[in-house]
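One chain, chain A, links the two complexes that follow: it is found with chain B in the first and with chain C in the second.
Coming up: the complex of A and B.
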């Protein structure tokens, strides 16, 4: 049995407060127009929230994944327009490969399959890399080798996802890493993808809580036919269903973070929990997206209203680091490969204390 | 939404140790048990199986030992329940008594009632049913009209219950009836609960109702001047509403809230096999992802219960999600396998056919989906 740790409470409080104070409507709008929110990043870094997962002797906090969950959740809940979770994940990868973590934002490359590592240099093109142009370094994992690459060793072409977050194309032409190391663990899937999906699942759960909270507030404020629309059963039923799915997404993400802590040197089982979290979050996103917007009516469809900062991210994150089909396929192949008789024993063995 | 939290819970070693024991028991008792019977699990009754479970101490596991209970944790009980359900064991004979009636009597019953009824329940010999719904009172339970009037030495009951699962096999019913006329200012007042002996009480008539899956599961129960003794009253006269609300909360978050159609997933995985295409694999993967997540949420609730919390909102959420999952399973299986099952076919066909029909009731029993969503909406502050 586990409860919420003291560390997690402190981190949740700190991340929640700092993000709520610093991620304003103006900051969100400006970030989408291309302004890097340097104050926001600085305050996060000064408070040690950007490297919870790297070991202390490599420049991190040495916290557990269970503790770090609250930061990733808050990043989604408050829509932090900075690569906070990517930096956290990259820092963990560097630590597990024995590489010192540099300060500043890091870009995590979901590109194990598209990059080659030969004669000490990387080649290939990685697309949709979060905040590559704002990061001082990029972090890639290729077949168990982790590489830290200075941003000036690659060519970056800016692009954006549908929420206006930087998702750049990065071209590696025999790019020389400043450090490389071998991961001290084994995995079935590319580790950067698993970590990215883990982080996105937590952010999505946070974003969904945000969207439902906005909708509940709006339903209480908005009056039609002489009463708040919250009093209509159609609204109540729709939001109750959405809230339940959002709670499921949070539970699944939290479980996956815990699975990483329990994984030890083999991530294979934890990949299952990450997969489940990403699938459940992706499916829930569609229901929450619909319910939140339907409740808000036309005002929620305006750029002026803040709802879209949450819901556009939600939809964009669904597809990043593997969409539901990718992760469901992974689970399905494992289940079918093991056969019906092992389905229940495998499930209970994976989740036991 | 900030107060809705499912802290991941893990089952303690003593609960896991029990799992192996339960699996051996199931392997011994259910060898060659056919798929369609497994699919009926908590609607399938087998008194001999119930007695064997009772002999192992697996009924009333969390109840005090002085009444024959096991004095074990909610998490140990959780493991026994989920293993039974995953195996499709016929646990329905004692199900209501173990899940609802026993806890209700322990919480609200007199010392005498506890000593009289609880030990037989734990032995797997005494079965209960719940008399709540009436022909004109379903979701609006407070509108019931069956009434009990005080007599010289007890109570006289008149009226009718309906949709009473297992009334035809149960030894006792715990019925919610009216002991005062309806008060329009306080609709929840004037209701009381009575323990009625279904085999011995004169004036009780049970008429079976066949369901669309062809089973005889639920019944109409008529009370015509049915006389019950004074000590048939459970809890306080007039306190029935509060008691019944507690009773319903016992049934909202257990493993039966996501495993009811597990046998269909099992058969589907067997049917599709290891050489599945990508769409089939992804379809199976989605179902397995939900199974895993719902189990975690349900364990989280069991953990909260174990530490003395009453997570009613969280339990309503698990019921909402679990019921949707169980009920959607036949549709997903249809999408993945694309068959019209034949009643004379193999296990997959039979389980698919049965579950497609039976699943219709999942969002009705124990509080409809809409009532559950109303509870969640209240928790969100919408009403």
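Coming up: the complex of A and C.
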């Protein structure tokens, strides 16, 4: 399906409608109160959206990262309160390590967690693990070894991020994986972190598009001094700037997903694109949520209004799987390592194929 | 049993339609387009009939510009087996569409044609009835329930004041109402399969149908802005205004 905008449009339409129909205000509120949206998860699974990246012979759909971008973007746009992108990323990792993908939601352990894998067992603590308590299995990658760990083999302490999404602390005490495998990949960074950042960049781009849409709609509806506030140049300028940054974030995220499709077994080059996407998303988020809240005024800060479901997620996702400082540092390290003569070619000739 | 379904590419139901500045029509450039919602229901019904084993093949047909292929592909992703795209730019009127379907019926020999009862862009509600008349076939319009049997169909339709059930002989033209079914989402596996399904391309000329419009559109304008209402103090005042100002009683 890769490369055909026609099929991408159909997937975007289908995923967008499915999420629009099932991620209602009530579902978002209940999820924040701790209710697992089982109906939403079931319909995502029934429509093949939870495992696009795993190969078909491992329980996935064998789709491309370009397709996965469409789904991750839609999930961020509609603020899906389920570990959809984490499951997608974990499924890809399992597939690359030759492990069959179990059904149900998967928890992806950020590659920044300090875990040790010794004598076939994992030890250590991972904090801020998305939906660990709701997942049947956890997926971790330690120095090229991927481990599938049953949730009942670890101790989970529930917590939440500022968007009210589960972000649990997982303690591994010589936890025995149900399966392990070796990644057939070359990478300079923990692959789980790269994949997590990639997914968050797409979600953030989607959420930013949603925030801008809400702000534009409100600016058209809300009248002040006898006319819609959208007629004031100051509002127009603010929204135009936010829309441009949201579009930039989308472009950077999509570019990173396409880089993963081109990468094959060597992720070294694609890591640049993921780093850029996460940095761009984080910087754009600041502009977008400022503009969205400024436009909405006081109503945007009420719990009853839906804007905060998007903007709190932007705040939270910005710091997950490496914030801008982490990824900007990686870009800086690479630039220095490549030397001054390569800076311009690296900036201008990165896009391949 | 072979079923033909019609799918039309229209402005998405949730898009606010804008009139072109020269008043020749509505703006379609850079506007989100989707499958006509009544046609989605037609596709869903066809897929259900095929899944139930009542039908063997479901063919999605669209008449329109190159981009109409995406609408056919969506129908294929919902479960249709193959598509036919009759390429036609510009406005194609209901009678020309019915004639194109007549020619396709001659080639494909379907037992049933299922169409949306109307397209949400022009709201004409004519093609199904015109096609049935051209073919001399039975017609079951505004169907809220369809039961197909050997050589016959039972169609429940929504009419003023209740439901009407028709027993029809096949072949027949059926048109769908909103409550016939709830269309499915195109699943990722089906979207991937749809890419490989065949879409035949034809032109109206090849089918020998003249698509030149017979109706001239003079001007397209927005509906007038709704005026603010007034509050009346009493029922007597209301009656007086209705009688003397609005002159409706």
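Note that in this section the second predicted complex is superposed on the first by the 340 of 353 C-alpha atoms of A that agree within 3 Å, B and C clash if a C-alpha of one lies under 4 Å from a C-alpha of the other, contacts with A are read in each partner's own complex, and residues count from 1 in each chain.
Quick note on the criterion: a residue touches a chain if its C-beta (ideal position, glycine included) is under 8 Å from a C-beta of that chain, and two chains touch if they have at least 3 such contacts.
Quick caveat, the model's predicted, so the values are computed rather than measured.
Looking at the shared chain after the overlay, A:126 reaches neither chain B nor chain C. Look at A:252: by the touch rule set out above, it reaches chain B but stays clear of chain C. With both complexes placed on chain A, chain A has more residues touched by B than by the other of chain B and chain C.
When both complexes are overlaid on chain A, the residue A:13 reaches chain C alone and has no touch with chain B. Of the two partner chains, neither chain B nor chain C is touched by A:54. Residues 1, 4 of chain A are contacted both by chain B in one complex and by chain C in the other. Those residues of chain A lying in contact with chain B across their complex are 1-4, 209, 212-213, 216, 219-220, 230-231, 233, 235-237, 239-241, 243-248, 250-252, 254-255, 258, 272-273, 275-277, 279-280, 283, 324-325, 327-333, 335-337, 339-340, 343-344, 347-348, 350-353. Listing the residues of chain C that touch chain A in their complex gives 34, 69-70, 73-74, 77, 185-189, 191-192, 194-195. Considering their complex, residues 1, 4, 6-7, 9-11, 13-14, 17-18, 43, 46-49, 52, 61, 63, 67, 71 of chain A touch chain C. Listing the residues of chain B that touch chain A in their complex gives 1-2, 4-13, 15-16, 19, 82, 86, 262, 265-267, 269-270, 272-274, 276, 278, 280-286, 288-297, 299-300, 303, 314, 317, 320-321, 370, 372-374, 376-377, 380-383.
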